[in-house]
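In the two complexes below, chain A is the common chain; its partner is chain B in one and chain C in the other.
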Partner chain A sequence: MWKLQEYRIATNPAEAVALMRKGPGKGAYIAGGTDMLLEHPACDFVVDINRAGIGDVARTPGGDLFLGAAATLQELVGNEFVTGFAGGAVSMAASQCGNRPVRSTATVGGNLCNALPSADMAPVLLALDATCYIADEDYQESLPLTDFFVGPRLTVLEDRLLVGVALPGECAGWRCASHKLTRTAEDISLVQVAVALGVDDGRIQEARIALGAVAPVPMRASLAETMLTGQEIAAITPDVMGDVAAIAAGECDPLDDHRASAEYRRDMVSVLTRRLVTRILSDDGDNSQDGAA
Partner chain B sequence: MNISLNLNGTATDWEVAPGQTLLQALRASGAFSVKLGCETGDCGSCTVLLDGQPVNSCVVPAARVNGSRVTTLEGLLGDDLMIRLQTELVEQGAVQCGYCIPGMLISLYALLKQGPPIDEETIRHALTGNLCRCTGYVKPVEAARAVAAVLEETS
Partner chain C sequence: MKVVGKNVIKIDAFKLARGEPVFTDDFTRQGMLYAKVLRSPHPHARILNVDAAAALKLDGVVDVIWHRDVKAIPHTRAGQSYPEPSPYDTLILSPKARFIGDRVAVVVAESVAQAIAALDHIVVDYEELPALTDMDQSLTNSEILIHEEPDPRGISEAGMTNIAARIDKQVGDVEAALKECDLVVTRDYHLPRVQASHIEPHISIAWVDEDDRLIVRTSTQVPFHLRRMLARILEIPEARIRVIKPRVGGGFGDKQELVVEDLVGVLALRTGRPVRLEFTREEEFVAARYRHPQRVTMTTGVMKDGTIVANRMYVLADTGAYGSHALTVQGNTGQKVLPMYPVANIHFKMDCVYTNNPISGAFRGYGAPQGCFALECHMDEVARELGMDRLELRKKNHIKLGDTDPLSAKLGEGKEGLVRVVKSTGLEKAIELGCEAIGWGNKREPSAAHLKRGLGMALAMQGSGIAGVDWGGATVKLNDDGSVNLSVGATDIGQGSDTVLAQMCAEELGIPYEKVIILSSDTDLTPFDVGAYASSTTYISGGAVVKAAAEVRGQLAGVLGSHWECEPEDIVFSDGMVTGPGDQSMTIAEVALFALYKAMIQPMATASHMSNDSPPPFAAQFAEVEVDTETGQVHLCRFVSAVDCGTVIHPKMVEGQIEGAVAQGMGYALFEEVLLDRTGRVLTPDFLDYKIASSLDVPEMVTILVPTDEPTGPYGAKAAGEVPIDGPAPAIVNAICDAVGVRMFRIPATAERVWRGLKEETR
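Entry: the complex of A and B
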């Protein structure tokens, strides 16, 4: 059994941070516990945040999509604000995470805070320009998700609480798709790529390409994004697409491990980037109006 | 620590350790339909309903269910839908060693309870967390489809 002295339950974010700092000994937040109960991290107490009022999913008056940190992955699969945002890309990514019963308790915040390079919710949220909201005892701070990950299993949080992430309303009409490449349907990602394009007037106005499991932290392929930005769709020939995919592959920094070689991972970044951009651009089912506030 | 929950319709108090899992607490309380398999959230033999949602009880802290409703197969033995599902699994020949069956029943029950649309895809999706090493999935899927068809006719 996991050696824990105490299980504390927080009823709001400030209390959660206070309970975390109260001691004695070392504490950790717990949400679904689907990572923690496998890993049994060494700590004296945990602070349960499932009842801290940070589990809501909402569209803000400004049109942003807010995902509370304690929202479960199953909630993201079915919630109509989420299925109606950017073609439902976030719901799709959540539906490929773990299995059905795990998704009932696994949270989006836990996935991000565990900060594995392969965290499956990270690429799609990076591609949709997510902002993180972080609570301290007496203030809240926000920062781009790109700045949230510091290294494998390390975030900027220290002992602060992730309250949620917000996706800007402008992204609601973007076309977005991601692909999780795995050995088996159940396994963690070998490579994950998410692409989001803001298309208007036959031109790519905004481009985001995010990569998972191919660097110490989930990352954006910003050079490849720059190549696509401003391009007329008609001008994106297979040659141009090949260059964009090669640049994205050059930007990542994968490892060799028992799942796959670094070389294979890099190749797959190229293949998946090309495939996703091509698929999004050829998708005539114009979803740019879907879910607009 | 002391927690209170609704277990299979009955108000229940448990003394649990802070690091205990819901699986351990349930078996200690005599709910032996909840099987211990992998203890890593992969096999589904420990599936129960937490406030109506299927969860793997081996990756749920027991302390978390304070104030919640927990349902195991023991709590559904007189339930019409559960009886229909059990009968259909037996008739389709889906049950061999039986170790996976309580978890599989809970997952399928949660899906059927939620109502239409129920087709092969939704059934297979509902079973993503339940491994069966004897029968496989064709017969369980067929059994669930048969029950879904009856539900549709009678609704």
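Entry: the complex of A and C
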């Protein structure tokens, strides 16, 4: 039984934060509620942010892709701004989350704020240099998504509200793909890898490798990224690829549990990283298909 | 035939589709109380005292009971025919907890929330005991005894060891025969603990009615066994108990067991108020029943030409804390499976041990999926060692028309059985059609470099009811308008038995299917039936329906014969018309009016049916997989089932049963496994971690029906419910081996296990 005393509805972000701070007792933000309705977190009231005007998906005048925190994952699957950004990699990642009914309710903000190590949207957004926008009662601040996650189920937010994330316009032309390794079609990930490469003039100018479910928080494999950055595509032999994959695997810190062993998870980071990099470099930017299947 | 063999509309389809209140829980009684079970946190502990004073002071809490409050009458909750072959090792509430999750106390309150809240306020004084959670340790350790009751009935070695049941039967002389063989192959196969995962959980509502009778509305497969069991353990006459089975949202054997009914019965009698108890999904995983985990050791002796000379199967099984179906499930592992290759020398031995783990029990296939996995993987292993084609090895040795099942006389339902001779088989045809459909011998190219494709197959047989044990009754009554009331004890749990029984009734009376009104499974209103298990309903209960309907037809023919002055045998019943040898003709409604108002008889009959035979349905099943050589992931691309279930009564529903079995069997092969920690605590009590196949996981399924005419079955029918769940796991695992050369001796073949197998292979 979920012993909830009060359901508060916010009409803008500042009001949401104010309602959260009003007390009495403990509150929680709710959007899709797909996790909360299962877990019944200990709180006295919830603040509904579905009407707070943060559910939009838009391209800013500067070319950034803004994903409102209350946008559903299904919206990300079909929205043309999203399908047209970085080869549609964000849409692809969203489409692998849960199933259609869950995606139609679950939100991108909820997925990130829950801060599970296996958060489905985290790797691809990390790989595309996402910036988080956070609202307080009287100001907003932004910070890189890499700084958002503090630990398992813990973010920098405290009682503030995530308004949305923005992907910089520079990434729109990057080649990006991700893969979620699961036991069945509808499952949380055992391992997730997202790779984004900014390629110009036959050379990798920018490289991002992001990993999910293999560390206390979703993370970037920065050593592996460094190894790829500046490389001429023609010079990336299978051996180089193997080294990059091995370095990425060395950077993660996976758990041994009943879902998979740490050893397996680490090896899968290597396999998926190699496959995704290979796949991205061998095609011409169309990543509408799953990168590693 | 006019109705049998046709895809008539499932008789309960409309009300289910409309969401009518037809399930146990779609019902309430004024003043209904809600029960919740306090479960043991210890794997093995004496319950010295339960202090419920604080809980009883809480709002809404009406009663708390523990073992001091109920009489200790040892019984089994297995839900089988009398005399029951499972050990009497269970009490309603026991002074000893034997697994994490065992019943300690039960609360009833005015609401579910109040009942849950009260659980935290019950103080239990436990004396913890050392526990056994490993079945090998249970087999050898007699220091720790899980059951040390003074007078248990039916425990193999009560008070001395932890063995709940054993069997050791032999035909021929396996040891001597193995010495003469060109090749002897021995392997161990490991089978996991899996849960049936029916959509509707266990739920019962009981109340005492105005005639002081206990009414139990419950989601069960065995209403009549339940009445008998409840009468004994509640110590009230059967006449004072009525069991009603509404629509049931799946059972798969898990609802053959008495899991909640005794508690609502006790509490309704104590409080005088209606009591409802529904399991949560977590309770289904902790306190319902599992398919028995087993280790099966197969030894096969074979000659160079592929002639199998001897088969030996040794089974070690974990029944958990109680011995529900311990003897009979494990008996089936040999009895239902080994006859596929009816060689002269067969040795079957099994030990089923108690552990301090959750309880194993009945689950669709009833031991055969375990045995079939071992045997059919083993056939591939034998073929590989022999250098012989695995299909040819099977063709050369499998059971054929006229063959005698060599084990049937030695092994029945927990006792000596009846001789079984194969009187109908479509197995050869099923193999041929299945091979054609899967493209046997033509492996398709994999779709990427890191993938490898493989094909696998398995043969399976089962039974149709339990020979000489299972029986059912049916009553057919004709109404004024030519409609009939068909009442049967048979239990529709979603599998569609109401529909096929109505079809048979209509066929026999020559009336439209829509004229049949069926009532099933109400112990006050319908004849007896053992219930829905052992693939018995179409074959056994169907036999009773055909007999009763034929008798009513005979009564009508008798009345009309006098009226029309003709021989009753010359009167034909067809398409709702009754015609005599001359130009006499009446509609069935006219006949009914004539019988009721002129002849003044009620055309009506009750018939019973039992069979001393249990004809085997057969299946040949084929899998095509693609294995990722780097991640170990197995993609099941296609699955073909060719099934001989005799005459097909309702093709669409049989196909549905087969496809459902493939989905369940696929889970058994690839991802379903209830994991326990070392204390027997369930680590996977939800669908987050207990993975079952969804519509996104199931492969392209090709289902081929291979009808035969079984002489002992109604309209030539045999069973279909269980046989298709036997083959998927071995077929899929054989396909994995064909793809990457790695033999998975342990299922489920998870990606990580296959990955490990691949790494060992390359080492």
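Here is the rule we go by: the second predicted complex is superposed on the first by the 282 of 293 C-alpha atoms of A that agree within 3 Å, B and C clash if a C-alpha of one lies under 4 Å from a C-alpha of the other, contacts with A are read in each partner's own complex, and residues count from 1 in each chain.
To be clear about the criterion, contacts are C-beta pairs under 8 Å (C-beta built on N, C-alpha and C of every residue); 3 or more make two chains touch, one makes a residue touch a chain.
The structure displayed is predicted, hence computed values, not measured ones.
Residue contacts after overlaying the shared chain place A:V199 against neither chain B nor chain C.
With both complexes placed on chain A, chain A has more residues touched by B than by the other of chain B and chain C.
Applying the stated contact rule after C-alpha superposition, one finds that A:A127 touches neither chain B nor chain C. In the superposed pair of complexes, A:R259 makes contact with chain C only, with no contact to chain B. Of the two partner chains, chain B is the only one touched by A:P101; chain C is not. When the two complexes are overlaid on their common chain A, residue A:I188 makes contact with chain C while staying clear of chain B. In the superposed model, A:A224 makes contact with neither chain B nor chain C. Applying the stated contact rule after C-alpha superposition, one finds that A:M20 touches neither chain B nor chain C.
Within chain A, the residues touching chain B in one complex and chain C in the other are 1, 99, 185-186.
Residues of chain B that touch chain A in their complex: 1, 17-21, 24, 40-42, 44, 47, 50, 53-56, 58-61, 63-64, 66, 107, 125-129. Across the complex, chain A is touched by residues 112-113, 116, 450, 630-631, 633, 671, 675, 683-684, 688-689, 691-694, 696-697, 750-752, 755-756 of chain C.
Touching chain C in their complex are the following residues of chain A: 1, 99, 181, 183-188, 258-261, 264, 267-268, 271, 275. The residues of chain A lying in touch with chain B in their complex are 1-7, 9, 30, 32-34, 37-38, 40, 45-46, 48, 50, 74, 98-102, 104-105, 185-186.
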